[in-house]
């Protein structure tokens, strides 16, 4: 589904924050009307007071509440930009360009006669866009199955929110939560034959999921995290080699059907 | 009322602010953010005679106050431009110039001839300074002989505004500037990106697939300003300043150093409406400093 | 235990970290902040045969992630150095090299001969790349003929370590690097500052008394890294990397690109003990990445 | 008087702050032992989280309390560095190099038999080092006369503190406080014949004071504010042309006797 909303540059206020050792869940509010945003789309955040980051930073929309002009970001602290952002004090002003990119493709609303089985697979911070997606699926009458993976229990974020929308399975590499191992090794994958898979996480994990989906002959969309300079199609830095040649992940993605990819 | 218009030989800009090639797409990417009719011109993406896939990913690395890119002139070729893109952008109420690149002199000449037929394109910017392609590109920009040839041949066939974009990766930019002037260029734009490199110390690999790439952003402004000043003193044709321009003060600095107009590049990525703000800011500056027109700014640096 | 020592031909450094000329005074200015015996070497201030008053104030302008300087080789001359400064610093437990500059070949030769007599000075760094003096200076660094001559003549009289500092303001740094190698330089240090300029838009004047000056700091790192990599591949003598190095990762990047040692410049002004931290950081990096010695880092960039 | 103290790089905590439209008085505290500092010396402050300032910023020591390891800076907001510094929240960490430069030359302790008349002239933020100087003069038994100038009353800072040490005269260009006009035009200058003058302020003002001192044949020290990169004698950027040629204002100054200067 393509964005039909105009892109905007908007100021937000950091309204609420939950911070962990390696990540933070941040709720932002704007005084403007929040444009319509679809799950899988992202924002380009300006990191203020940050001598080490010149460019904006792309982050997926984790959740929205249009009525109250609120938007959530789930941020993993991996470098100067994300650390500075996650460290912001409440009421800080944050400037974003949004909404950017193409969203996940939603199935037709569910009918009792034909209930598709949907699986959402998230690795680490890759779960960020999946919560928003779950809500939309839920609104369309679906109750997806979640498979969330991380290095340890601390990486499994927002599990209670996911549970609101469907059944959650977990893997951790150290076995501190759920099954021990990689997400693609979870036993549920042997049992289930989903009709649709949506996946976001580190590239090797998404590649493993793509192979699995191909093996199961299952429809599958993944969300890429290529390095971006602009985020809106102007710089051609974020390309992925696809069946159509080099395409910009910021405008033709970040969501791709695995059929488009050369993995 | 401040008169913001500037004249690059026969080409009139409503104000001195243009956007730099490769940083502004075809203008369409910015329509949500700004009104393109409020700037003096747009230089669209680097265009080549044949389609180019560009370089492999990764093509970008952030650096201190700037970035490296290694896009490598990805574009669908001049014929695609004429057929599919031109019709969409020809009604922009501003000057749309096409940035032309090639691997051989013939590539440049052919592309120029094709673009000449487009009514609403008043000029081209010859890019002889792209550091991101193996053949051609920068080679033309750093070799006096090659530069002389390509400008001469294109000039022979191209009758509208011929802007030549200079490479900063040279010992003496005035030498190349004078050659371009002698061979009939109407104006000179500078600078293109500086050739740079970035390494990820932790994984011990270059950050760009091509190892080296083009450096842009505020970090290059001092070098660009110096080259604009040197070139302004060396030639008679108008000079267009490029390099790290991010706000009105930057634009003014380039004009004081000798630029007749300026191009905003990488700053568009961070603040997509910045070119319009700069145009507005120039009016304000002229007013505060008693300039009746933006033209008067050009070269008005005071050296005691 | 990681072996941090590196060998620049016959010159042994206890670790690859040196400090860059013009940014570390005579070392004395830093004694309150650090133990100079913990770094591999110090390159003292640019020294000329006769005293120089340097350029007029203002000599400095801050830029995005860097600064411009126009000091212009202010120094009291080599004789003053020998008589008054050398006795004070000759007991530093590290390699003290003198950076030598001049306006004529003869200036260089004479200064080199005088410094050769100083027992505790194991080498000189020839500065043919200072952009801040009218005569000589950079001219030697950008002209193949002049460079060839000055290196040859100095080599003829100077028997200890002869390091040649290259200018980045050239089209092809490898051309000049090879000339220096052919004429007998023992090592190459690069880069010196990029020629740049800054303007105060509000008072419409250049920020430096000399209008243009030398750009240094993190902003130039991508260009420096690229030039070190190109030079490393072009010559056999050791390369010393300089340009924006401010922390361990920066230093490692230069070594991966081919530097045998590095020099810390402008960063000393902001963090006067940073060179010692970098030396410590290199040990840590080697340990984490399984290098037994710092030497192994040189040129070990992985290009898939 | 030359600094006999070793230079150090120290972290401070912003402890108290009084902020006005164009300036701020900031009290810093360190957990280390504060080195001995003399009036006229300065610090080099690192401006954190500031993409627009690469170098440190030189600021005079406004006052010290060694017993409590406290140091005051009086900061005029004129650019990105000083604005960022003045805008810091309490408890922010600030890194400084100190003490730097040569101090004002203090007179021998006062004797009843011979009381020197001392005048301190400050323009705008140039009053910053003079408060610390007044305290030292006071300790030596002097009660200086102060002549403080500014564009308007808002520029006249710390006047109550100055009054603790001596009589204060004021000029403002808009007449909103004291006599209207420039500091060098104040009527007291016609009446008084000081034995010593100390001056800090904008260069044109200091040059006018220097002429005046020469006319009165009065000993006079001024404190220069040349642009600095390092602050400790390494870069040679901060030079002033003197009777000895180019000398560094950060090591041979910032305080100079007017006899050394070519004004």
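Order of writing sets the chain letters: A, B, C and D. Residues in each chain are counted from 1.
Definition applied: a contact is a pair of C-beta atoms (placed from the backbone, for glycine too) under 8 Å apart; a residue touches a chain by one contact, two chains touch by 3 or more.
These numbers come from a predicted model, not from an experiment.
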{"item": "Joint neighbours of subunit D and subunit A, given as chain labels", "value": "none"}
{"item": "Centroid spacing, where centroids are CA-atom means, of subunit C and subunit D in whole angstrom", "value": "36"}
{"item": "Euclidean distance of C-alpha centroids - subunit B vs subunit D, Å", "value": "48"}
{"item": "Distance from subunit C to subunit B - Cα centre to Cα centre, in angstrom", "value": "34"}
{"item": "Of all residues in subunit A, the ones touching two or more other chains", "value": "51, 54"}
{"item": "Residue list for subunit B, restricted to those that touch at least two other chains", "value": "63-66, 217-218"}
{"item": "Category of the chain touch graph - line, ring, star, complete, other", "value": "ring"}
{"item": "Pairs of chains, among all present, that meet the touch criterion", "value": "A-B, A-D, B-C, C-D"}
{"item": "Subunit A to subunit B touching residues, read off their complex", "value": "6-9, 46, 52-56, 97, 226-241, 245-246"}
{"item": "Subunit C to subunit B touching residues, read off their complex", "value": "63-66, 68, 142, 169-172, 194-199, 201, 203-206, 211-212, 215, 217-223, 225-226, 229, 244, 249, 252-253, 256-257, 285, 289, 300-304"}
{"item": "Subunit A partner contacts - residues on subunit B that touch it in the complex", "value": "22-25, 29-30, 32-33, 45, 53-54, 56-67, 69, 71, 74, 217-218, 266, 268-273"}
{"item": "Residues of subunit D that touch subunit A when the two form their complex", "value": "49-51, 54"}
